[in-house]
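You will see chain A twice below: alongside chain B first, and alongside chain C after that.
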Partner chain A sequence: MTRANFALLILIVIVASLPLFGGAYALRVGTLACMYAIFALSWNVVGGFAGYPSFATAASFGLGAYVTGILLNNGVPLPAALAGTFIALFLGAVALGAVLLRLRGHYFAIASLSLVEVFRELINNATDLTGGGMGLNIPLASSSGILADAMFFFYAMWGLLVLTALVVIVVSVSKLGFGLSCIRQNETAANMVGLNTTLYKSIAFGLSACFVGTAGGLYAAWVHYIDPSDVFDILYSVKPIVMALMGGLGSPLGVVCGAFLYLGLEEVVWRNYIQIHSGVLGVLIIVLLLFLPHGLISLRWAMVWRKVKHA
Partner chain B sequence: MPEMQHEILHLSNVSRNFGGLRALRDVSISVSKGEVLGLIGPNGAGKTTLVNTVCGVTPASAGVVTFDGRDITRVKTYQAARLGLSRTFQIVQPFAEFSALDNVAAAALFSQPGESWKSARLEARTHLAFVGLEAQADQCAATLTLAMRKRLELAKALAMKPKLLFLDEVNAGLNSIEVERATKLIHQLAARGITIVMIEHLMKVVLNVCTRIAVLHNGELIADGAPRDVIKNQAVVDAYLGQQYAQRNAARG
Partner chain C sequence: MLAVQVLINALVLGCLYACIAIGFSLVWGVLNVINLIHGSFIVLGAYLAWGAYQWAHISPWYALLFAAPLFFGFGYLLQRLLLNRVISAPVLVTLTLTFGLDLILNNAMIYYFKADYRKLTLSPPTGSISLFDVVVPVDRLIATASALALTGLLYLLLRRSKVGRAIVAVRLDRDAAVLMGVDVKSIYAVAFGLGAALAGCAGVLMALIFPISPLTSSAYLGKAFVVCVLGGLGSVSGALAGGLLLALVEGIGSVYLGPAHATTLSFVLLIVFLVARPQGLLGRKGFE
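Showing the complex of A and B:
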């Protein structure tokens, strides 16, 4: 295992100790941090490894939330509902990917963006199953108190993050990751050396959907109520891209750092500039990208050291 | 018919249209095992289209392509590669961020299902050595010179263990010393028994290495035969070689 991947696992283990330091607020932020890290790691498989800028994260998230929500409402226990969501999202995304990934660059980006709208409208109109615009109430998972519930969902999301990180690390050092890297650099040449690019890209798209979908399912169980405009929020598609760019495109450690940094900025800015928070956040992100175009991962101690010496 | 047994590639009445443009018209040609076939013709004659059609990049609009006794008219590019058809590109197509070694290892790894990382890397070294790039093995492909990148293409193609190798203008853009070196490599490949179809504009190289020449013009095959006969063919002189070349050639005897 490379040092960066090792550092990533250490970082995630450190996150697990969060409940020691705070109450309900820390748990909420921690759960969101794990969720964002799952988004960023998942997006990185198709966006970072294969170089296909996907805007489908919100579609996977929303769909996952609804699949789990509907299963829970039909009496399926939470673990089984999440497993079902995971499998359904993976297979669905592989099938969709085989069609959509024939498009490249901006065309693919637009097509993946339209997935969000298509699924939002489908869920909106399938009133019998999903409650449509009225939203879907989801039964409480347990009744052991608010803090115990928060603790449960934090560790559930954290566990999912660990699973995502492990799978992404395995992919990054495997033949699959190597092939995706070939596709990113030169898809024509990749095809010509005997690489089944359609299959590889579809698997990448499937992997980028199933963890996000399962996170969506956990989210639905966590907040007990979902509606289409909440879970199919286009911001869920944009945020992971910003996180990946901030942290360092292609690097699992980088994108997770980017996710944590993004959440940190979001929380701090939201608290202090409640009226203009998205404006301030935007400016901060632009400044970060201007001065650190390759993301946090490109930071080296040597850079700091050199500046200190010259000062 | 002993010749038929050694046939490795056969195109019968192959056409390829791009909208209204007929890039290949009713081309029928056969390539025998161990042959070095030169494919010549003016720009836009359909030489690269022919290679693309065989490799599944732009499948034939009509006609049948058989390779090694199997109909490959509709196979996908990656399947053609796994069957033993490999090619170099006129415009080199490296994996720019990878080292030269990883470029070749990728070709070995993906063209042969079941190939392991370790043996792909090992094989890659021998192919790099063969094309004279062992010193550049760990260098990033984007930083190699054009001549080196052309040789890298060749190493990649060889790593796929080809039964038939298409060389698309491997000498274009090279200086005369580099051309000499590349020509020597092609001779060595032919000596290994690899069937080669090469697109080439330098007649000196064509006459030096090819055992047979086919000429395309406006998507049609206008001549096919022994080099000596083809360069005297009036249609070929008119369409491609030019009167001057024919006269010089006649003067030389």
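Showing the complex of A and C:
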């Protein structure tokens, strides 16, 4: 285990102590922080390790939310519904990935972007099953009080984050991770030396979908009401990319730091400039891309490097 | 008769789709940038036409004349000042940058115009022509003719003018163009400006037909995506072919499957094309 991965786990453990410091608001922000970190870590598998610009996060999130929501409405208990969502999303994404990942660059970006549109429209039109544009109501899981509920969902989301982080760390040090970084550097060469690139990419795509989908399921159970324009919001696809660019592409620790930083900024901007919050977000994105193209993590390494040189 | 009506509708709508997509296609083909701000440019153009008509009683046909230089200047400056700085960065960076720009422009429009749907209503209304059982609204017909004219103008510009030849040269082989003495940075800016001008003009035409709201920008952007991929990148004829095909599929789809499924169908078509024929209907392989 490298030092950065160790630091990542410590950071996540620190997040778990959040309920000690505040009430319902801290729990809500904490749950969102864990959700965003799951997004960023998952996106990083396909976007950071394999270097494929995926915009499919919102599709996984929305599908996961709907699969879990429908299962819950049919009387399936929450843990089973989440497990079902996890497996369904993984298998579905592996199959889709095998087809879509033959595309590269811009073309892959657009195909993954249109996945979001396709699934949103499908769910919008399958009114009998999903409620269509009216949305889907999800029954309350328990009646043990608001704060207990918030606590439960915070720890559920946190647990999922821990699982995601462990899997991503294992992937990053395994043969799979090595293969993915070969694909990022030169896919044709990786293919030439006998790497089954299609298989590797599909698995990466599956891994990037299943955790996000399960997070979507938890989100659905948490907010009790979902509708297509909410859970298939294209911003869910873009946010993880911004987080990764903020924190440092490819590094699990970097993207999680980016996710937390992004959430902090979002909360501040949202609270103070409600009318122009997305504009402020746009300015932030541009400033970041122009002045800090390699993310926060590069800042730190650059400083360390300077110190070493001076010593 | 239904078949003829569907066909005519597709023809009218297809030219408009081509007009929406052509600027986007130009920027993608020449600069290799997916310009996510395109949809908001179109909406801004629509507001320009609406405002000019509402406040100064300038007919949308004249609005085209000042929309084009205005948007060209805006696009030129945007490329010169911002995008040229990151133009050589990977896909993700330029795409995210234009996304940020789009957030700003769209938010500004929501702030100033509110998210309400508005409609530019010409008075007196232009009515419609009906021939046998086929009905075509006149304003749509004029918008289509203007869209075709704009497309033709771009075609001539790319074919005949010196700047146009330089743009095509940069698109075909950037390095060779540099060796031939083409100033790539300024060609990039001109191409982006042209893309913006076409988007603005398309917006003016859209204002005649569709309701205007900042929230419609993503729908326009989606159409531009699909048309580009269907027709092939960066070529005028490709955008026209893609636009017509998309309009035809949507028209037939909404007749036989219901209008709710038309969008789904168009995106499914997009994915099928991406996988099976990424160079588009008229594109050549290895050209993208």
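Quick note on the criterion: the second predicted complex is superposed on the first by the 300 of 311 C-alpha atoms of A that agree within 3 Å, B and C clash if a C-alpha of one lies under 4 Å from a C-alpha of the other, contacts with A are read in each partner's own complex, and residues count from 1 in each chain.
By definition in this document, a residue touches a chain if its C-beta (ideal position, glycine included) is under 8 Å from a C-beta of that chain, and two chains touch if they have at least 3 such contacts.
Bear in mind that the values here come from a model prediction, so they are computed numbers and not experimental data.
On the shared subunit chain A, the superposed partners chain B and chain C are arranged side by side without overlap. Applying the stated contact rule after C-alpha superposition, one finds that A:Cys182 touches chain B and leaves chain C untouched.
By the touch criterion stated above, A:Val167 is placed in contact with neither chain B nor chain C.
Contacts of A:Asn191 after superposition on the shared chain: chain B is touched, whereas chain C is not. Of the two partners, chain B and chain C, it is C that touches more residues of chain A.
The superposition of the two structures on chain A yields an angle of 80 degrees at the Cα centre of chain A, opening toward chain B and chain C, reported in steps of 10.
Of the two partner chains, chain C is the only one that A:Pro53 touches; chain B does not reach it. Between chain B and chain C, the minimal CA-CA distance in the chain A superposition rounds to 10 Å. Remark: chain A residues 175, 178-179, 181-182, 185-186, 188-197 touch chain B in the complex. Of all the residues in chain C, the ones that touch chain A in their complex are 28, 32, 34, 82, 85-86, 89-93, 95-97, 99-104, 106-108, 111, 218, 222, 225-226, 229, 260-261, 263-264, 267-268, 270-271, 274-275, 278, 288. Across the complex, chain A meets chain C through its residues 47, 53, 99-100, 102-103, 105-107, 109-111, 113-115, 117-118, 121-122, 124-125, 234, 238, 241-242, 245, 275-279, 281-286, 289-290, 293.
Listed in rising order, the residues of chain B touching chain A in the complex are 55, 57, 76-78, 81-82, 86-87, 89, 93-98, 106-107, 109-112, 117, 156, 159-160.
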